[in-house]
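In the two complexes that follow, subunit A is the common piece, with subunit B as its partner first and subunit C second.
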Partner chain A sequence: MIKLYDFELSVNCYKARLLMSLLDVAFELVPVDFYPGWEHKTEEFKRINPLGHIPVLDDDGFVLWDAHAILVYLATRYDTSRQWYPVDDPQLLGRTASWMLFAEGTTNTASAARLHVNLGYDFEIESVRAGAHRLFRYLDEHLWFTEREGRCWVCPGDHPTIADIALFPDVALAPEGGIDLLDYPALRRWCDRIKRLPRFVVMGGIFPASPGR
Partner chain B sequence: MNDEGIAAAPMLDAAFSWFPIASSEDLPFRHTYHTKLLGRELAVWRADDGYVNVWEDRCLHRGVRLSIGLNDGAELKCQYHGWRYASRSAGCTYIPAHPADAPARTICCTTFPVVERYGLVWSGEEPLGDVAQVALFGDEGLTLRPVPIHAPAALVAERLRSYRFRPNPTATGSSGECTVESGDERAVVVTARDGTAEMNVVFFVQPVDARTCVVRGLLVPRPVDDAVVGVLRHHNERMSTLRDEVEEAAAVMPPPPPMQPRVRAPAPVAEPTHTPADTRTAPLRVVVARKWATADGIAGFELESIGERLPAFQPGAHIDVHLPNGLVRQYSLTNGPGDVVRYRIGVKLEPDSRGGSKALHESIREGDVLAISEPRNNFPLRRDRATTILIAGGIGVTPLIAMAQALGHAQLDFRLHYFAQSPAHLAFPEVLDLLGERVVRHLGLGPTETGQRLQEILAERRPSSQVYVCGPGSMLGATRQMAAELGWPDDAVHFEYFKNTTVVDDSSAFDVELARSALHLRVPAGTTILEVLAEHGVIVASSCQQGACGTCLVSVLDGVPDHQDVYLNDAEKQRNDRMLVCVSRAKSPRLVLDV
Partner chain C sequence: MWSNSSTRPIVDSFERCTDPVALNQWHPLSAVAELRRGVTYQTLLLGEPLGYGIDDAGEPVVWPAKALHLPAGSPLPATPPAGLPTQVSYGYLWTTLGDPQPLFAIPEADEPDRRVLNAATIGIATSAPRAVENFLDMGHFPFVHAGVLGAEPHTEVVDYRVDVVDGEVWATGCRFPQPKAAPGSSASAMTDYTYRVPHPYCTILYKSCPFDESRRDVIGLFLQPMGEEAVRANMLLCVVDPISTDTEIRRFQLGIFSQDKPILENQVPRRLPLSPIAETPIRADKSAIAYRRWLSEMGLTYGVIPAADGAA
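What follows is the complex of A and B.
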């Protein structure tokens, strides 16, 4: 059984939980007292991940950390349709990798602002917020044209990829970090589409959408 | 107005103007869109019937943004405590924490006017007149990608005058010649010509707040389909460049004072006019938009408001219809959720009609105006039970048909058992068909068979099920008795009588003290409490005035009431803490009422 070292309110842990749920993969959670206990910084936890961060995946003894790496592993290992991480299509795979890197940016800005507001992390708040807005402005424009071309997801193709999962909670929870989504209506519509995927799960602060067609 | 431009409207205060607040495609199926106009946040959503709702972005309960709410196609549900608001009226239809109560009619979100035109959704605080008239919109246009800009609207409108574009972006090398045809703070028209090709862009500026606006562009005429995405990208690129320049300029300007959205007074509630003869009021005027025979001996009526939109209602609600002959009759609304433009009722012609159903059947025609009361709900539907059994006898189907549609829309489990003489006696067959297999028709049964069927239906009791029954008095009596024998708790069996057939004994005389009004009154034999109160200027809302509908329910603080109604169930009567003042009286010499 897959074990996920997890903190409920972490966007990065949620990315792994969400993908496992969408792929219908069974897993068990090992709660880590990330806040206020700072358990991930203890010597004990560093024996699991020397870098002292979560999530950490333990798949029958294979231990992996970094949310986006976990997404790559899970999709490659458990998605029999090979669409979430499209390894058979080099161009699509390249796009997916590119948007995964983009998602590192949204995590380091939008989700950092959320850590600053919610958990008191010390970031240059105005600078990370401005960074998030720069990325969201581009992403909203990209998704608006995506809709015009009759598609729904961040990468071309008619199936969502792990890039959508990597980006989704950074966007959906951005308002908690004081980053308003008012200027990004296409982002809000894309969030609805993700929420309507079969076996979608919520986390604290991410609300469900009403059923679509 | 010039030939190709915008009608030269006098510049009005922004509060009285129409502004575009969304593109039509910003409101896809069951989405809730979030925007801001003149500093006020708005939740905007399209119901399944196409109607666009523009509401203040705040749940009346705890102030949470409704723009994160759930659009279910007929109602918007707040994410926080699940309060639901109806499309169009924005009236509250359901409060999950009070599942057995109908929300007060005054719980209504603030709504704003809306017009959808040129692929844009327009709204405003209190807009006057029509949205901008653009003569060149004889042709169909193309909505450009809206571009939010962090700069004041006036500055942006000024810069838009220098907007330049190529009429045909796929043709290489041509720069085109652009002219500004007209423009003011609200709209700018730029025309580009390149040889014979001519293309117009009309820009409208949505003032989001003092520092931000959204530029909404329309391209006329619409390019051929193959070219659309290329043209959209060309304009998005040009508009983004313009945005970057304006934002740079705005960044070094002193910040403008913030816009304060005006606090809006709640909409005035119609003051009932006191008529001494009858305290029942009928503040709404409706026109009979449609009258048809929905079944043998049952006429359907669709009532449309004259003037203001009709108030929200919940399944189980009824209205008083004030007839030209002076009679007042109660009819349940049969509408499903989201079906809120017209009230729909079904009226059975009673063979022993005292003039009510006869007048509606024989005298009232399409086009006639009727006075009606606001909807009242003394038969509210709980939506917190796993299964709901609806049992209808004849015309008693009317409130239950509204409930069935609401339960079906909410994907809650239910069965509607409809007892009637024959297929021809089934009212609203088109609605029954839509409800499909969840409607069970019991046709042409005698009293014994009906009893057996009821027994079978009620035998399927599960811990989280509930029963709603409406029909003739004998059927209700039998159902309630059977339910009690089968162990159904009183509070899981909800019933509504058409009329009170018990003979009211009004021979007693007693005193009533009104705790809140500080009045001490004598109720003589032959006069009701309701009448005595009205004589002394204390108006208690009432409707059927025969102890059936429950409108005149008041709390009893002391004394023992002599219950003569059919609204309260036995357990409620035994508590002696509430009574219907239209028929019930006193067993004790004195009653103290919370009035």
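What follows is the complex of A and C.
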């Protein structure tokens, strides 16, 4: 059985939980007292991940850290449709990789602002908020044109990819960091589309969407 | 569905408080367990920038940053100028900017078999009274904490009793059917609650303990008002649970807390209106009505919108 070293309020842990749920993959959680216990910084935990961060995935002895790497692994290993990580389509795969890197940016800005407000992390708050708004403005425009072309997801294709999963919680929880989503209607509609995927699961701070029409 | 309707950004500086009721209280700054000894930390209390820490001997030190500004992480000064009164109670460091009465007592915290834990300190973009009122509310359990503290269709809040006893608001006889009342719960149970508000920005909950029918778990919510519309919520757990790990107990509470947070941050106005006609209560809100009236009678103005005539 897959084990995920996990903290409930971590966006990066949630990305792994969400994809495993969407793929209908069974897993068990190993709760890590990330806050306030700082368990991920203990010597004991560093025997699992020497870099001292979560999530960490343990699939039958294969140990992997970094949320986005975990998404790549899980999709490639467990998505028999080969759509979440589209390895058979070089261009689509390239786009997916590009948006995954973009998601590193939203994690380092929007989710950093959330850590500052929630847990008092020492970030230059106005600067990370401004960075998040720059990325959200671009993503919102991109999704608006995507919708005009009759598509739903960040990458061009009919099916969501792990890039959607990598971006989703950074966007959905941005208001906790003082980053309002009012000015990004296409982003909010995209969030609702993700919430309506079969087997979608919430985390603290993210609520389910109504079924829609 | 909720939408984000925040009316202004969360900012990192606030106007200083002039409300004597708020100034003359003890306020929590941090869990002592989270502080490294000999290191300076910074925060805001009632709009006042403070430096604070625990010295090498384990003694708390708090001072206004206007008297001595030190960057966070600096060595803690031995005797800072204009040092403020401090106390360590229930695992938290408390201070005051005024002349307070003694801090309320939680006798259960001294029982030797209790697990006394700092569950979390988390920032919320709302006023302290909004956070207290949310904590008192049972009506949201089946919706916001679905599958944990409540479940549809069991949404009725049965009548309960509210009294002001020795200057504190008490709500007693509260009952709610809960799928998972505590991390150690093995089955759904009718859970008994007593709520207590001994301080305008602090509230305490006593609820059925799944491990010992004769006792109650104690959960405290102590708000640090950084500004009128920005708080840090400090959660105390004081529970009888011989089985769950600290990590499991904290995870359970953090999970609940994180569900409340966006709801709270979307309540506008962020300051709590004290006029009885400002928001329409229902019968389940008896404790909130008593809390608002109690705040009005003590003359609190910080973090609230006082009733126009100043009366309850």
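As a working rule, the second predicted complex is superposed on the first by the 212 of 213 C-alpha atoms of A that agree within 3 Å, B and C clash if a C-alpha of one lies under 4 Å from a C-alpha of the other, contacts with A are read in each partner's own complex, and residues count from 1 in each chain.
In this text, contacts are C-beta pairs under 8 Å (C-beta built on N, C-alpha and C of every residue); 3 or more make two chains touch, one makes a residue touch a chain.
These figures come from a predicted structure and were not determined experimentally.
K.L.:
For A:148, decide between first (touching subunit B), second (touching subunit C), both and neither.
P.N.:
Touch status of A:148: first partner only.
K.L.:
Identify which of subunit B and subunit C touches the larger number of residues of subunit A.
P.N.:
C
K.L.:
Which of the two partners, first being subunit B and second being subunit C, lies in contact with A:182: first, second, both, or neither?
P.N.:
The answer is both, since A:182 touches subunit B and subunit C.
K.L.:
Check whether A:207 is in contact with subunit B, with subunit C, with both or with neither, and answer first, second, both or neither.
P.N.:
both
K.L.:
For A:37 in the superposed arrangement: first (subunit B), second (subunit C), both or neither?
P.N.:
In the superposition, A:37 contacts subunit C only.
K.L.:
For A:121 in the superposed arrangement: first (subunit B), second (subunit C), both or neither?
P.N.:
neither
K.L.:
Which holds for A:78: it touches subunit B only (first), subunit C only (second), both, or neither?
P.N.:
A:78: touches no partner chain.
K.L.:
I'd like to check the shared interface: which positions of subunit A are touched by both subunit B and subunit C across the two complexes?
P.N.:
In subunit A, residues 181-182, 188, 207, 209-210 are touched by subunit B and also by subunit C.
K.L.:
Would you mind writing out the residues of subunit A in touch with subunit C in their complex?
P.N.:
Those in contact with subunit C are residues 7-9, 31-33, 35-37, 39, 117-120, 122, 125, 129, 175-176, 178, 180-182, 188, 203-205, 207, 209-210.
K.L.:
Sort out for me which residues of subunit A touch subunit B in the complex.
P.N.:
141, 144-145, 147-149, 181-183, 185, 188-189, 192, 207-213
K.L.:
Subunit A touches which residues of subunit B in the complex?
P.N.:
Residues 22, 25-26, 28-31, 33-36, 68, 70-73, 77, 79, 145-146, 148, 208, 212, 228-229, 232-233, 236, 240.
K.L.:
So in the complex, which bits of subunit C are touching subunit A?
P.N.:
1-6, 9-10, 12, 31, 33-34, 72, 118-123, 125, 232, 246-248, 250-251, 254-259, 261-262, 265
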